[in-house]
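Here come two complexes built around subunit A, the first alongside subunit B, the second alongside subunit C.
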Partner chain A sequence: MIDRIPSGFNPFVIPFLFGMAFVLGYCLFGAVRILLQLPREDRKKLYLSLITPTTIYKNIRDIFCDCLLHVRLWKRNPVLGYMHSSIAFGWFMLIVLGHVEVLLFVPHRINLFYYPIFFNYFVAEANQTLRGAFMFFLMDLFLLLVMSGIAIAMIKRVRSRIVGMRKTTRHSLINLIGMYSLWAIFPLRLLAECFTAHISGGSFLTIPGNWVFRSILGNDLNLLPTWWAYSIVLCIFMCVLPFSRYMHIPAEMMLIPLRNAGLKVRDSRKGFARVQVMSCPNCGVCLDACPMSVSRADVRDCTVYLMRQMRAGNERRIKEISEKCLLCGKCEAVCQEGVEGPKLRLLERAKTEYRLSPDYSDIYVAAPSGKVLYFSGCMSQLTPSVGRSVESVMRKAGVDFDWMDREGGICCGRPMFTAGRLEEARGMVRRNEELILASGADTLVVSCPICFKMFREEYSLPGVRVVHYLEYFDELIAEGRLTLEKSELCYVYHDPCELGRGSGIYDQPRRLLGRAAAIAEAPKARAESVCCGGSLGSLTLDFARREKMTRASLENLYASHADAIATACPLCLATFGRYSDRPVRDVAEIIDQQTKGNNIEL
Partner chain B sequence: MTDFGFSLSKSSVVDIDRTDTALYRRLCELDRTAASCMSCGSCSATCTASSYSGMSLRKVLHGLQRGEDVRPMLRCCMLCGKCTMVCPRGINTRHVLLTIAKIYD
Partner chain C sequence: MKDNVVIIGGGIAGMEAAKQLLSLGVKPILVEKAPRLGGHVASWHRLFPDMTLASDIIKRLEKDIAGANIFLETSVENISRKGRSYNLVLSNGITVNAAAVLFATGFSLFDAAKKEEYGYGVYDRVITNADLEAWMNGKKDSRIPASPATVGFVHCVGSRDIKAGNTQCSKVCCTTAIKQAIEIKERFPAAEVYCFYMDLRLFGKKYEDFYIEAQKDFGVHFVRGRVSEVGERIDGSLQVKAEDTLSGRPLRVGVDLLVLMSGMCCNPKAGALASSVKLELDSDGFLRSRDNVYEINRSNLPGVFYAGACTGTKTVPETAAEARAAALEIYNYLKA
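And then the complex of A and B:
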């Protein structure tokens, strides 16, 4: 392999160089701005993590697995995984191998930025060496890989169902330009290399291509224009990149270190949040996952559209999208970028100003006392059987406890918290903290997942263990204080959002239920569970739309062919109870019914 | 005068010509569903804050229609959402309550 062009330059590389300079400059400027937006302590944390060996390893691993191989997407949807990783990894390898070629054959040109990209134009085959043939083979192979990914992307645009997606996102003009230029890059590269293959050499794609073209065209007049076209398309792609969804490629490189440094989103627009917004490739995985997507009118309020509106700075839509979401957390659970849709919305909600503030300081609540307290939460008052069952089971197990809000109490504060009124929620939190700490309790049993999450995350209760009754009953059984009889019925367990995705409790309810009855699994269960639609997270969803979601969620549960539905959230219980065609029970009720020496009727 | 332990109750006549219902009208503009309340009282029966303040959405809406000061009641609302769960008219009560908190001065 020898240098063909003595100057090592041809004007067609200029568009590429311009695009590259633009995109690098833009990203550098953006990165510095985001670093400056981070709070000082976060910045320190980030710098520290960049020199800690474990996080360095994690960063490299994640960049490789998430950005190039898309391992998480593979697990979710192999076709999409193949599509993304073939393009990303294939392209990466083309660039790396391009550099290897330059180093092997024309090492004195390595300082020329564009050489690896347009290598085939600048070299001529001197004699057939095995090394050259092997490199060309690899180059053709990876080019083929990339083009197979592009082919799937084209098919996906036309028929999203083929790749297993019900919905795909609609794109703006700039995204379309980006997409079409990306699609054009690789066929043009192949063409250019085909035209050049009789000079530079080639492999299984380029050499046959060269034969075909030369026998048809009979001249080399297309050679230079094709290289020009390749360079121009690269330039177009790089120039629209910062303003299109392809910004996710560089943004991810920043997102991963920020995530691995353990930073939290503190502002809904600046710093970490901005990187998340930029990192969303609009893949649309969250569309199918979102319970709101059952209504056509609400599809446009899913997280992918929040990301888009945040980039576009459309304040009216950002507000609308932020207030509608159920905060069920599913989009976050399925997002391979780790975009925290619900968190961003919560921060957005907190910006709304209210002229009237609540005051809970005068509310009188009877002081509880005892080692074990039970808090049923206000929602349970609408489903009194839950509280009664928890009480009954605990009595049977001989637990000495005090039901602190039997006669009504102060709300845990989570509904206020999810409305974005954080200070107002604090007012309730403080009152409850005082009551619990003054009682001398060491265990607080909670039956509502909404309260549970709030107590665990927003309360400061030193010396008090907060447990959901599922965990508590599980322990009582393990200690032999409860014995269960198995019923004939088969239940399907619905994971309440706040308990499953929200608090990571998936196994205890299944273990408990398995002792009391047969269990079946719904197609979408555990972290994929579909919100019942009753969530208090949404501020604006009306009744009719919620009903649609509830019915969709029920369909998922019916698909298990179970006789009855079990859940562990009073809100789910009430919501499903409204429309379900089969009985809906709280796990506590089932346990109570199946515990020995009891025949309370359901 | 002898104290009999009770007194005349305040007149509950509402003079529609003299009440200021601007707030109520503004509320209905921002959330149309507020106007569909039929005063069934389901929300009063379940309200978490009612035992502490006599609060209920029904009373709040009445108060606004009559031009009364409902702030002491509203201050106790915990936004718990029980009223949403029981309202037979499907009113998004939490949104109504938040809207009132936004416009009240």
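And then the complex of A and C:
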């Protein structure tokens, strides 16, 4: 293998160099800006994590698994996983092997930035070497891999259902330019290498290609124009990259260290949030996941479009999208990049200023006392059977407790919190904290998942264990204080958003229900559970649209062919109760009935 | 057999229509699913505004329609259209070929347990308007205390409530609540009675007088504001939380008995039967009249007529008037 061009330069590399310089400059500038936007303590935390061996290992592993191999996507959808990893990993290997080739055959050219990219143009294979043949074979192999991924991408664009996606994002012009230029890079590279293969050598793709083209065309006139085209397309891709969804490629490499450093989003636009917005690849996995997508008009309010509007800075739409969301958290659960859609929306909501601010300081509530407190919450006041069942079960187990809001209490603050009215929420949180801490309690049992999440995350209650009644009952059974009789009914358990995805409680309800009745599983359960549509999270969704969501969520539960539906959230209970064709019960009601030994009347 | 007329439903609409048809010389077939005639009205005690005994009206109607073919405990299983006539398969095995069909299928009473925040079926002292009427008709009810100190009435339970799936006003509950409040005061003069309403829709003759009478002569308290929730105290009495929207203050009232004014909603069985013969349903689930101003009795099919609460919420006099009109329409249709 010899160096063919003495100067080691041809003008066609200029577009590539320009694009590369542009994209590197942009990313460097952006990264510095984002680092400066981070609060001082976050920045310190990040720097510290970058020199800690465990996080270094985690960063490298995550970048390799998520950015190149797309392991999480493989698990979710193998076809999409193959498509992404073949393009990302294949391209990565082409670049790495390009450098290896330069190091092996023309080591004096390693300082030339463009040499590995256009290697075949600059070399000539004088006599066949095994090393050369092996490298060319690998290059052709990875090029084939990338092209197979591109082929799937093209099919996906036409018929997304073939790759298992019901809905796919509608792309903006800049995204389309980026996408078509990306698709063009690899066929052009193959073509250029085919035209050059009789000089540079090649392998199983390029050499037969060379024979075919030379026998048809009979000359080498296409050689240089194709290399030009290859370089120009690379330039176009790199120039639109910062303004298109492909920005996710560099942004993700920054997102992973930020996440692994344990940083939290504090501002909805700057710093960490900015990296998340840039990291959204517009893949549209959140579209099928979003419960709002049952209404065509609401599809454009899913997280992927929030990310796009945040990049575009469309304030009116950002506000609209932020206020509409149910905050069910499913988009975050399915997101490959880990974009925290609900959290960004909450921070956006907190920006709205309200003229009137209610005052809760003079609301009188009776002071609770006792080791175990039970908080049923406002929603349980609207579904009184839940509170009564929890009370009855605890009495049967001989728990000495005080129902602190039996005659009415102060709201846990979550509705105000999800409305972005953080100060008002704090006011209620403080009152409740005082009441609970003064009571001398060591355990707080909560029956509403909405309150539960609030108590766990936003309250400071040193010495008090906050448990959902599901966990508490599960413990009572384990201690032998409750014995259940099995009913003949078959229930399907609906995971409430705030309890499942919100608090990670999936097993206890199934274990409890399994002791009290037969259970069936819905097709979409646990983290994939479909929001009932009743969520307090949305500030603007109207009733008709919520009804559609509730019916869609019920369809998922009906598919289990269970006799009845069980849930552990009073809001899900009330919402499903409106439209369900079969009975809907709270797990507490079922447990209460089954501890008496009589069957539930449906 | 050619000029058979089938009336589906033996409530006051069906009975009144049968009576008028008989007087016009047409002998109708009346099909009633219950073992007795009279529908919802038969289980009521007295009717506003004159405190007429419901049983008197039903007895009179029963006597008037003795000449009709009456099938009790029978329902219509299937209707099919055959040219200009209709084939009705009854649950007793009889098939009738009818030239005209009158839907007098009425309404369903809203299931108050669906508004769980009011505690019907959960708390011991919560009853519905229908339960109270049954009690006044002599049925024992352990939920009603011997001498309640305070009684609450909740208006619009399942009416004008999109969350309960009904946006329509049930029309009769405001005045029924006033009537029942007066009856409670008559039986328990020492009791304080509270009516929680969002609007008082007292549109009929003497209804407003009735309302003034309830306040002036019986001292019933009217509170403008919907009840948000009801809780049970240890002694079994109830705590009602509402907002007095006139004074703008939240309220908590303890009551010994709470009466929920369950509203009228569409009869789903009638809807299913009607849909099977391509009769149209309205968005509220009631049967759709050809025109809501002048053709309430007519359906979208020739020979099928409507009377009473099957097309929407109605009072007793409205239902009776519609039944008479429908009978005349059927008579003219058969003659043509």
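Heads up, the rule we're going with is that the second predicted complex is superposed on the first by the 595 of 602 C-alpha atoms of A that agree within 3 Å, B and C clash if a C-alpha of one lies under 4 Å from a C-alpha of the other, contacts with A are read in each partner's own complex, and residues count from 1 in each chain.
Here is the rule we go by: a contact is a pair of C-beta atoms (placed from the backbone, for glycine too) under 8 Å apart; a residue touches a chain by one contact, two chains touch by 3 or more.
None of these values were measured; they are calculated from a predicted model.
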{"item": "Partner chain(s) touched by A:R406 [first = subunit B, second = subunit C, both, neither]", "value": "second"}
{"item": "Touch count on subunit A, higher of subunit B and subunit C", "value": "B"}
{"item": "Which superposed partner A:T483 touches (first subunit B, second subunit C, both, neither)", "value": "neither"}
{"item": "First (subunit B), second (subunit C), both or neither touched by A:Q381", "value": "both"}
{"item": "First, second, both or neither for A:G577, with subunit B first and subunit C second", "value": "second"}
{"item": "First (subunit B), second (subunit C), both or neither touched by A:T52", "value": "neither"}
{"item": "Which of subunit B and subunit C A:S369 touches, first, second, both or neither", "value": "neither"}
{"item": "Common ground on subunit A, meaning residues reached by subunit C in one complex and by subunit B in the other", "value": "381-382, 408, 543, 574"}
{"item": "Subunit A residues within the subunit B interface of the complex", "value": "352-360, 362-364, 378-379, 381-382, 408, 410-411, 413, 415-416, 419, 421, 424, 428, 534, 536, 539-544, 571, 574"}
{"item": "List of subunit B residues in touch with subunit A within their complex", "value": "33, 46, 48-49, 51-53, 71, 74-82, 84-86, 90, 92, 94-95, 98, 100-105"}
{"item": "Partner subunit A, residues of subunit C touching it in the complex", "value": "114, 116-117, 119, 122-123, 162-165, 229-233, 239, 241, 252"}
{"item": "Subunit A to subunit C touching residues, read off their complex", "value": "381-385, 388, 406-408, 543, 574, 577-579"}
